[in-house]
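Two complexes, one shared chain (chain A), two partners (chain B, chain C).
Here is the complex of A and B:
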């Protein structure tokens, strides 16, 4: 029988997984920023990020960031404010707050995702792109 | 009430492979897992091997993994264990000598490394070294440790890195670093402030869930971290 996973271990696994996901995201982010050579390429890339698929990915990113930030706050509470006896309660509070934040994000991001799915245009921008725009 | 036990068996002398053996046993109310092991060894299978001594939760010999969580067999009553089958295994993360008996040598090595004794180079007084009640209270709970190894063997950081000192040794380090009579903090910091020391604790809390003495281990480790950061950096 494997060792039973309780709140603390679950929080640790989530923290490690979201931490690795954020490191991965950082590289993707640097790569995408490095490609912004001129206003046209900026507009092109922003248009891609406004598409349904990327809005959905963005919601996932929000979830990952919120989970990592809130558990980070939980660890600070354990390390500096003596919350170790109450760590499970703090974890559930963090889950509650995190769920609310992600729901708020979903209200703003999901309409674009549903539009994309219903029109079958998952990678098309959700607004008209002005080619060659800028100064 | 009859309960089913699946007990981890391993005998290196018989070249046997590790496996689970099933025993069915009548367990009256109040029967502990250790009582059940006594009955199995006495009446069903004399070859079953485990460590035990005091039977009252103070010697720390009968630490084992019961239904997926480390605890003392003598402090765990069968009637409160859920599930049809009760799994009994040796403490994880240590070499298994036979059945439920593990090699504790790695545990003691970590324990010795943090110098688990009072270091005070001043001339001993004619009476004892006095300590205020307030100072005593800082280390009292940390002194409850019975060295059962339920915490260190439950720690995923220890499973991943066998060089890691582990919660039991760190708790003992706290007990002396925060003792007003002790002067050996700097010596201990040299062991604690390493890659395999204090900083391997990722606040997973398995140690506190497993501790039969209900010691606030993670909090003491956090206090050590804070102390080292504030004194060293």
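Here is the complex of A and C:
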């Protein structure tokens, strides 16, 4: 282990796994933003992202980001401020804050997910894109 | 070998930079959420379209913010990948392929993202298709009220 605290082994593995997942997300994100070059395809992509399945994936993304950010904060606290002796407290504070943030996200995202499950339409957008007017 | 030639990160500076860039990315992420998901997305009609995104992203201020976000995120993330490679891939040939792949990914996605950010132009009304968006998901309006839920972009 690279970190001084031995009990942080689980946190270390979690940090690696979430970090690698976020790198993959970054590649997908660079691809999706590059589609701004074509208005029609961008609007259709945004419509797909409004579907139930993608809302659920977004909630997972929020969880992954929050876990990585809070564990990163824990690493900084341990490395720079010598918090290794209070690492159990730091860990519980991080879990508490993380749970609150993910719950806040769930309140906004889960209604659309449940709606998609109950209607059986997991991949259909929550709105239609109709290309009209303008030109 | 790769480490000595400077192709793999390591040492005190990288250790420090990983923490500093991580902190900076959290600040940028909070700003990103405030601007993208709470100003445009929520306070307008809740639906993100080409015109909304383009008008914001094409300002020089956002180009500078987004470029630093892109470079920091790629550097921070791919440094993490390099550290994982150092820990788990010990065979020299395999390590060279892995490190080379990371460098290629860094350059390809760095250039691709930078070109995307730098070539964004402000939206000119009438020059791009203005989408009409009909809400079909939650909240679901009654069949006879469907027409009321037609959201029409400005300029229509």
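Just so it is clear, the second predicted complex is superposed on the first by the 123 of 135 C-alpha atoms of A that agree within 3 Å, B and C clash if a C-alpha of one lies under 4 Å from a C-alpha of the other, contacts with A are read in each partner's own complex, and residues count from 1 in each chain.
Rule of thumb we're sticking to: contacts are C-beta pairs under 8 Å (C-beta built on N, C-alpha and C of every residue); 3 or more make two chains touch, one makes a residue touch a chain.
Predicted model only: the values in this text are computed from it and were never measured.
With both structures placed on the common chain, the touch criterion links A:23 to chain C but leaves chain B unconnected. By the document's definition of touching, neither partner reaches A:105: not chain B, not chain C. Which of chain B and chain C touches more residues of chain A: that partner is C.
Contact with both chain B and chain C is seen for A:79 once the two complexes are overlaid on the shared chain. Overlap of the chain B and chain C contact sets on chain A: residues 75, 79-80. Chain contact summary for the complex, chain B toward chain A: residues 65, 67-69, 87, 89, 92, 154, 156, 202-206, 208-209, 216, 218-219, 222, 225-226.
Touching chain C in their complex are the following residues of chain A: 16, 19-20, 22-23, 26-27, 30-31, 33-34, 36-37, 39-40, 42-43, 46-47, 50, 65, 69, 72-73, 75-76, 79-80, 111-112, 115-116, 124-135. Chain C makes touch with chain A in their complex at residues 19, 22-23, 26, 29, 47-50, 53-54, 57, 70, 73-74, 77-78, 80-81, 84, 105, 109, 112-113, 115-116, 119-120, 126-138, 140, 151, 155-156. Taken together, the chain A residues at the contact with chain B in this complex read 1-4, 6-9, 12, 75, 78-80, 82, 84-85, 87.
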